[in-house]
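Some structures to go through are shown next.
Look at the two complexes coming up: subunit A is in both, with subunit B in one and subunit C in the other.
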Partner chain A sequence: MIDFTSTPIILIALIGSVGMLLPVINIIRKDRGSTSFYGAIALVTLIVAAGFIAYQIFTDNVASPAIFSEDVLVDDTFGSFFAIVVLIVAILTVVGSFSYMRNQSYPAVYFSLILLSSIGMILVAYSTDLVMLLVAWELMSIPTYVLAGFMKKNPSSNEAAIKYFLFGALSTAIIVYGISIAYGITGSTNIGEVIVGFASLDASMVPLGLLATALFIAGFGFKMGLVPFHMWLPDAYEGAPPTIAALLAAGTKKVGFAAALRVIVMGTIALNLEWTFALGIIAIMTMTVGNLAAIMQKNLSRMLAYSSIGHAGYILIGLSIAPFSSIGIQGSLFHIFNHAVMKGAAFIAVAAIAITLASTHLDKIKGLGRRMPITSIGLVVSLLALAGVPPLNGFWSKLMLFGSAIDAGSVVAWAPYLAVAGVLNSALSLAYYGWIIRKMYFEGEDEKRVKEPKSIIAVMIFSVIFMVGIGVYPDPFIQFAGTAVPSLNISSMLSP
Partner chain B sequence: MSNELIEFVLVSVALLAIGIYGLSVKRNAIRLLFSIEIIVNAANLNLVAFGRFIPNSAGQTFALFSIAIAAAEVAVGLGLIIVAYRMYKNIDIADFKSLKG
Partner chain C sequence: MADATFLALSVLTIGSAIAALELRSLIYASIALMVTLGGVAGFFLLLDSPFVAMFQLAVYVGSIAVLILFTVMLVRRELIFTKIEDPRRRYAGVGLMLIIMLGIGAVIINSGLNTITTEEPPVDYRDIGKELLLYYWPALILMALILASSVIGALMLARREDVKGEQRTN
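Up next is the complex of A and B:
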């Protein structure tokens, strides 16, 4: 039975209805411009939604994290955690878009699509049935295909949208095929029943279970940007408007991990504990390829896109050692939270550069520290946080992830190698982040200061306070991530 | 005529193979889109066939959702392809190479 006072239902009613109404208001008002009017409506909606979730968490109205439920949606802290992450990213994107969308056409449609995509992302995190998961997954993806190609007159935006769409549609097709096999061998589409069915499979059926899990890794891996499913990602992030790249890198990618935790990690654990080794291998490949390719890039957006591939690898460390270490998933969730803010801030700083300098090529950012001081400080702090420099927030989550990998070494011999790979990759990433910082402050002639977009200054100030604040005092956020960690014990479900 | 599960699954696997062949060989955006649709339909056939033999209605319900979603996706995809055609007068994805790194 659906409880109409549960968090996800109220969020659907709030964000969904405003998202649907924005284009209608646009038609009634018969205007084409006024970005700030529609942006303000979207911003207020998102802030109200975030406040509502925070209220629900603080008044303990949210159930403890349950991966499984008999309903299609479950109102638990795991979902609420991801909903908070998504809403923070959506708020950063909308505020950044006030400047970016000025003088662009169709602002109402733009903000409406951002709202619809955010409600899709939130529902993915709450869903406990494969039907709901697929519907929410598509509600998240389809608006972002349009948003990536929103600059219709710009060839690279167009090309990015087509590449993103073709790979996104392929990933959906793979997910549907995986679901069909999972349904065929377990007889249910409820995630809990599928996982329990996996755990009690007939030995002759186990290969099919592995095939279904592999298809899920491929399907969800496209959105998460795991190697070898990452080839569309740099093109899409570079060509799309930078504000939308922030939404993709910080939002849709993180939500992929929510789906991965519910389906892939639980599926591999149910089939055979040893198979999380495969996730470890993908983690190492992903972070190495991402960071090595980032060094060679000449474009700031593209470099950040490769760096976000690398970070997907770090997050996957926690998922692959989940059954062996108690803080693995907590570290992953904390890094998801941090990376969402860091990468969101970095891409919105890129949006400011794209607005004022009309290019994001690395040669153009020489002397940026004197031209756009506030944007530069925001970009520098987020790059250092991405590299994991203490005392910024990225340091703590990386410490938790690598620490949990070493911790798990007492159970499985391969786990410490994940930590070694992670530390080496962090050092590597500091090289190209340092190169950007060097170009911004120590190269170029005496440039004059230019006017910076106001709304982006607001985003920069907020995210710098956020990153430094969590870095100095991380405890409450680590605990918040800890409350969202679900129990991985499948055997307790088998014996009711 | 026998009427067994394995026959439906074989047809579905054949459709999957056709879809993968199309994706790896063709370079026309619309052909790629249709190859993806063939894969989705292979999965739908699987779902309906499994639903008949398990037996419960969840598979058919899922197939209906999946068909509706695929329709929405194709609508957006064709829109994007039309915009690209207006710009390039061509929908060969091998010609889309302004983004390289």
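Up next is the complex of A and C:
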């Protein structure tokens, strides 16, 4: 039985109870609380949670990264890494929402759902049991369906919510089907036991193992936005409130990779498949489709949504060459960490634009650099970081990913092509990021400076320091990502 | 015997599931949904899982479906959606579904799954309870949080803003 004082259990108690209490406080105060009151409670909770995880890591109370555990949860550095990523994204979202949610109804419900979704995301990363993984996956998803449709009077927000909900429900159904097959052929829901079972499967059962893995790829692929499971994503990100789009693009999407690493990568290694090539093809398709479609967009949110599809492709490079290069997964994790902040900051800048200009259409942002200088700087830095321009953080993680692909070239001949595709796509992405920057600084004339939302300025300043800081001195963060890389050796799991 | 029961149950379950989706009347559709959920309970009985079957009946047929029926009967049922139908999409959807079903079915039938026979007795209820409380307990807590977040979210979405506070209490 898992220890009551282990990190995930304490996080459930802390974030879960505050998340449940916020609406109750709202009722006791008879709907009188302001956005900043509930936002402050949520913010303090998230900061305390992040501090607690950091404390556990620094005092070495966290186990080394493991796929295997006898329990439903494991308190390891892999989970802690994703928990830190999720908490940073949640903190950015909550701070950005101080301005975005001002004068909107139901702030208590809004922040409560953000907290509940965050704890779901955190626990997906800590799960070592398929049932636990599914339950955490649902806790992550259900609040975000409501959050996507939070602007009840806005038809596009409603459309986003219903589309996201239908595809989310479909992806959950696919995952449940995969879990039922995995349980049927191995007799356990514990991921470690399932993988050991996969490794010693009778030849006649191997097709079922393949089917289960394919269902997992499809199910998790929907959330990760992998091509061809990406079609719902631009509509949902465009229609949802931009702060929630930040949570979706930077949070739920990243957590999909945590689940994929524990289940899909390990499962395919156990089944001894030529799976890496297939993942490589999905990676190239995902980044190319994402970036090509992004060029054609006229709306900032939609463009960022497609660019996040492209980034899912970059992250997948590291997973697809995991067995051939020691830095593949480390690069993926580092890029997940960076992309969470870059994309989170970009969407929150979009939220600021939506508040002041009431539109995120590209024609409306002409001369934005003079109207909203701080938001613009934040947006520019995050766009350049997304494109991978040195010396920003995105450059280092892309360098690691593409470098690992070239490194794997000595084992598999096709791996360097992933790096080539990645570099070409980065160049392509610079085209549309550059277009946004051109609109903001080199078009329009004589715009007057307008008042920028204060809380979003805070997010922008933090993100710029973060992106430039990691860009200048990436070592500790690369090492942090390195400590979270789990061992891919199955035989070591057979004798725990 | 088991095969015939299985086939009959399958036809009943899938047929009423299609009816639940296709019927224009919400009341008939929700009754068809009840039949589907009952059919699933039948599958669990066939699979020697009376415990799950009982829960399926009590929770899904007994409460959820009845709740849906009540909701349907209590709210105004004017058509708020305009129906846009594209027959090509419909056929494409049906075709895609058949391909996926046949594909998955072929994999399952050709695998070694049908050679497995087991003489083990049905699972003891006490074992299920023990597993839930000793192994799956964090998942149970999370399920409570899921229910809470669903209720919080649903109340927010369902709350009408055009009605003033005093009217609501009346």
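The rule we apply is simple: the second predicted complex is superposed on the first by the 491 of 496 C-alpha atoms of A that agree within 3 Å, B and C clash if a C-alpha of one lies under 4 Å from a C-alpha of the other, contacts with A are read in each partner's own complex, and residues count from 1 in each chain.
One rule holds in what follows: a contact is a pair of C-beta atoms (placed from the backbone, for glycine too) under 8 Å apart; a residue touches a chain by one contact, two chains touch by 3 or more.
Note that the structure is predicted; figures quoted are calculated from it, not measured.
Enquirer: After superposition on the shared chain, which partner residues are touched by A:Met20: those of subunit B (first), subunit C (second), both, or neither?
Expert: So A:Met20 only meets subunit C here.
Enquirer: Touch test for A:Leu170: subunit B only (first), subunit C only (second), both, or neither?
Expert: A:Leu170: touches subunit B, not subunit C.
Enquirer: Between subunit B and subunit C, whom does A:Ile84 touch in the aligned arrangement: first, second, both, or neither?
Expert: neither
Enquirer: Would you check which partner chain A:Val146 touches, where first means subunit B only, second means subunit C only, and both and neither mean what they say?
Expert: both
Enquirer: Quick one: is A:Glu138 in contact with subunit B, with subunit C, with both, or with neither? Answer first, second, both or neither.
Expert: both
Enquirer: Under the stated touch criterion, which partner chain does A:Pro234 make contact with: subunit B (first), subunit C (second), both, or neither?
Expert: first
Enquirer: Of the partners subunit B and subunit C, which touch A:Gly184 in the superposed model: first, second, both, neither?
Expert: A:Gly184 sits against subunit B and subunit C alike.
Enquirer: Between subunit B and subunit C, which residues of subunit A are contacted by each of them?
Expert: Comparing the two interfaces on subunit A, one with subunit B and one with subunit C, the shared residues are 131, 135, 138, 142, 145-146, 149, 152, 184.
Enquirer: Show me the residue ranges of subunit A that touch subunit C in the complex, using the header's touch definition.
Expert: Touch list, subunit A to subunit C: 1-2, 8-9, 12, 16, 19-20, 23, 71-73, 105-106, 109, 112-113, 116-117, 119-120, 123, 129, 131-132, 135-136, 138-139, 142-143, 145-146, 149-150, 152, 184-185, 202-205, 207-208, 210-211.
Enquirer: Could you list, by residue number, the parts of subunit A that touch subunit B in their complex?
Expert: Going by the criterion above, the answer is residues 130-131, 134-135, 138, 142, 145-146, 149, 152, 155-156, 158-163, 165-166, 169-170, 172-174, 176-177, 179-181, 183-184, 187-189, 234-235, 238-239, 293, 296-299, 302.
Enquirer: Across the complex, what residues on subunit B touch subunit A?
Expert: Residues 12, 16, 19, 23, 29, 32-33, 36-37, 39-40, 42-44, 46-47, 50-51, 54, 56, 58-59, 61-62, 65-66, 69-70, 72-73, 76-77, 79-81, 83-84, 87-88, 93, 96-99, 101.
Enquirer: Show me the residue ranges of subunit C that touch subunit A in the complex, using the header's touch definition.
Expert: 104, 107-108, 110-113, 115, 134-139, 141-143, 145-146, 148-150, 152-157, 159, 161
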